[in-house]
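Just below sit the structures, each encoded as structure tokens.
Each of the next two complexes has chain A plus one more chain, namely chain B in the first and chain C in the second.
On to the complex of A and B.
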């Protein structure tokens, strides 16, 4: 492949030669080596291109993340419809966006939806698509608890837990990109890539769960973010504690399929609150406003 | 040969200046911050009681004189007052205001007004969106409804401020 590419350069017609000369040596080299990238151990030409365009690569990766997350959201919504209560949905979006502004990715457009489900749970798809079930909302007692749950989900997005776990990135940034671009068929390859990523995300969210460490990290970051937003920092643990005490514990079982045991999470959060002095303020629970909106 | 040496000298000089400049701006960055929202209010006291002294435009630079947990005391020319720390960051607001703007750029069609919904659609491309519409495992109508409900950063900040007023009362 390398040989034929060089030959094409050497034997090009006059206008072709001109074009080749105009190309920067790096670009020319990368064009020649691009199809070989997958077979080279460290893909040196690609690594160099990345060093030159880190911002573009990061933006392309974020677009890929949003694209996957959006399709995951559409899948979740095919299973569970949005609760038909525009005032409630707007309220949850305001609380969620306020929390997200205090997280690690304040520029990302987050979307929050209350979905109709009897399971007590919340889900975060990559790219900022976050869902909380109607049953979870029914179990909450104030806005600080809602903020705590949403902050935990925002933390999953901010820390890119799913993106990292499944290595979701722009196809053009993956080693296969050069090959598909060279031989054509990039569109089909891209579609297959995205469909597979979406399948895996849905499996993670509904069946396998994330890694325990990712859940603990989301607890930690979520509690801090809710506190930074101005909410009672104990909201999340009050909710978690009530969930684990539910008689019959059906809901807790459903959550525990995909999350570490509540006891261990609560203990870790208790230590965090103590160590970082995140207790109270109690008046920042906004119970009255929460009651106004909850159906 | 001479030319090469000159070139190298200039390059080193340029690199040196660039580094010196970086250090200078890094020092300043600790004190200078940028307004992130439109019409950001500046208050006399760190609290939302009373009318704002003034309002600053998105992207305006202010000098931070003092900070508390949730407020900055800032100065801009003759103006001095307090702003919620939410509306300030040490980097200029991103040019991309929203996913809608990004989508509009991607779609590269000035005639087509991008709503918050076409947005994300534009990220995938129109053909891709049509493919999704046919997929029985996806509910694109619900997805669009979800994206319509998204609120802006400004709305969320207003919402938080209203909450703060409630607590103060």
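On to the complex of A and C.
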């Protein structure tokens, strides 16, 4: 074969140079590419984004939820300042985190705060940012009631009620956002996305309220979580009952815009406690400890 | 110019073959002489059709990637990364070529050939089996349906009209099994054993009408008509061996070597002619229909092809790869015989995920000619191209839509013995595909 003869001639003449000619473009390319540092070390190198979609999407969505929640927390603190009592804040955080650890998302970092407000209420922003008002704290009589209220808010976060209601997702899941990022507009597009999401969450928390079924679900999960944490499971219903009777239901009216009627909630909780045998020992109300911290 | 031959009293007599010499091997020598533009289809380039979809969109820079069924063709060692059943099929929705020879019959009178065809470009399947991965693929590496219908009037002294009608169809396809195994954490090897088929048929009608007063029945016009049917079928085997080295997780280096061995060929040439008073009487007797048939089974040689590639998997979102390929020189016995030159080509490709469900791919590549730069007989046009696609993913499947475009300019010789012309060539491919992973 003639090409074989040609090959033999070539390789016989300058084998080293021929080999180098073949390999040199490859080595040059390798040297060019080497400085590009790896970004995601946790995935197999060849895994493409669509192949790791489930894991990646869940992580990205949670990051988006936390980012939105942080922004919402900032908006809440712009409306109501934190009560200037570090010991109280620490106490509420300890109770809240104990409850959250027994919830459905124990890996999520929760942050709790007492805000200065005359309204009896509590707020749960996405991502684990939870606030209870000083007026609500004043209405409570023991730690089990505080744990019950916080567990109710933790349940909102655990069940992703706001996230689902507003369809908060990582912007990278959107093709248009990806295209924008590709052409260099990532920061601006992301900012617009988060800003809009935060506005809607604030509206939901302070004006529109969640779906009735979401509130009922938070009641159920909250009561169970408080019981799992070791608190008297009736703490939340006692607080709710007292709230509904307070001063001709003034405080209840404040809640009525954003929550279902207290009577219906109390009845459902009563049935739950009875059916699931959640009535706990009275000594787990920790009234004395609560009294030490209440302002 | 070629026309001067027709104008001259010598006609084509100076290149007419001896009748007695039309035995085995004579077709090749005869073909180049009898009609204008003897070299049909595109035997001068190796990258006319980019195989696969992801690979095609990345300009064919796939030797070090090759981790899906397209890898069966580019580098079978890469399919070791297929850890589950994967089906992939692509359809080149449209593959077209457009070649223009400038000013063949005077300024503004270009010689234009166009091809447009639908190609089932690639189908492949990979499946883990035993200690390695098994695959099977069908690949169309070249497909041309070339057409030329042109009439040139008042071209040169004594020439009233030149009419050419050409239809040329060529398919080159391969199918066969592959297998890859992993030698250790860094090295894997693989091989594909393709059956190679080539099917070409070309029909050319050429009519030359001379001015009044040039024929024997003066003042009547005189004409020459030539008809040629050329058919070449061949089959053989094309083994491909590949190796892949992944010394660092994100860097992959690959190489593959292949060569087509033609085991059987069938070549047919039918030539018919009515000669004019100016024609070469041996080749084309005046006023009589002369029909000649030639057959032989001479097999063509093919070049050795070496591909070297490097890929960097920077992240799940972005990767980049590059290939260089080398085709060796050899002697092609077909179409008059010619010394085919060695060719180096390059390709660079990248892939970027916009999101979990959308990805963009792009590439640049060369498609250089295997002919001498100093045009003696065959076109010399180096093509350079770009490619791109967008892919949509679901959990187990993907759908791709992309295109490739290549452009080049150089020189070619349409009429035997004439001066070379400036040539521009364009290739456009629109492709789509889907793949499914079980």
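A few remarks follow.
Keep in mind that, in the parts below, the second predicted complex is superposed on the first by the 237 of 295 C-alpha atoms of A that agree within 3 Å, B and C clash if a C-alpha of one lies under 4 Å from a C-alpha of the other, contacts with A are read in each partner's own complex, and residues count from 1 in each chain.
Methods note: a residue touches a chain if its C-beta (ideal position, glycine included) is under 8 Å from a C-beta of that chain, and two chains touch if they have at least 3 such contacts.
Keep in mind the model is a prediction, meaning the values are calculated, not measured.
After overlaying the two complexes on the shared chain, residue contacts for A:67 are found with chain B alone; chain C is out of touch. By the touch criterion defined above, A:82 lies against chain B but remains apart from chain C after alignment on the C-alpha atoms of chain A. By the touch criterion defined above, A:111 lies against chain B but remains apart from chain C after alignment on the C-alpha atoms of chain A.
Once the two complexes are laid over each other on the shared chain, residue contacts for A:138 go to neither chain B nor chain C. By the touch criterion stated above, A:94 is placed in contact with chain B alone, chain C being left untouched. By the touch criterion defined above, A:261 reaches neither chain B nor chain C. Taken together, the chain B residues at the contact with chain A in this complex read 70, 86, 89, 94, 96, 98-99, 120, 123-124, 128, 131-132, 136-140, 142-143, 145-147, 149-153, 155-157, 159-160, 163-164, 166-167. Residues 63, 66-67, 70-71, 73-75, 77-78, 81-82, 86, 89-90, 93-95, 97-98, 100-102, 106-107, 109-113, 129, 191, 229-230, 283-284, 286, 289 of chain A touch chain B in their complex.
Across the complex, chain C meets chain A through its residues 67, 81, 246, 249-253, 301, 303-304, 306, 308-310, 312-317, 319-320, 322, 324, 326, 328-331, 346, 351-360, 393, 395, 398. Residue ranges of chain A in contact with chain C, taken from their complex: 1-3, 6-7, 22-23, 25-26, 29-30, 33-34, 36, 38-40, 43-53, 56-57, 172-175, 177-179, 181-182.
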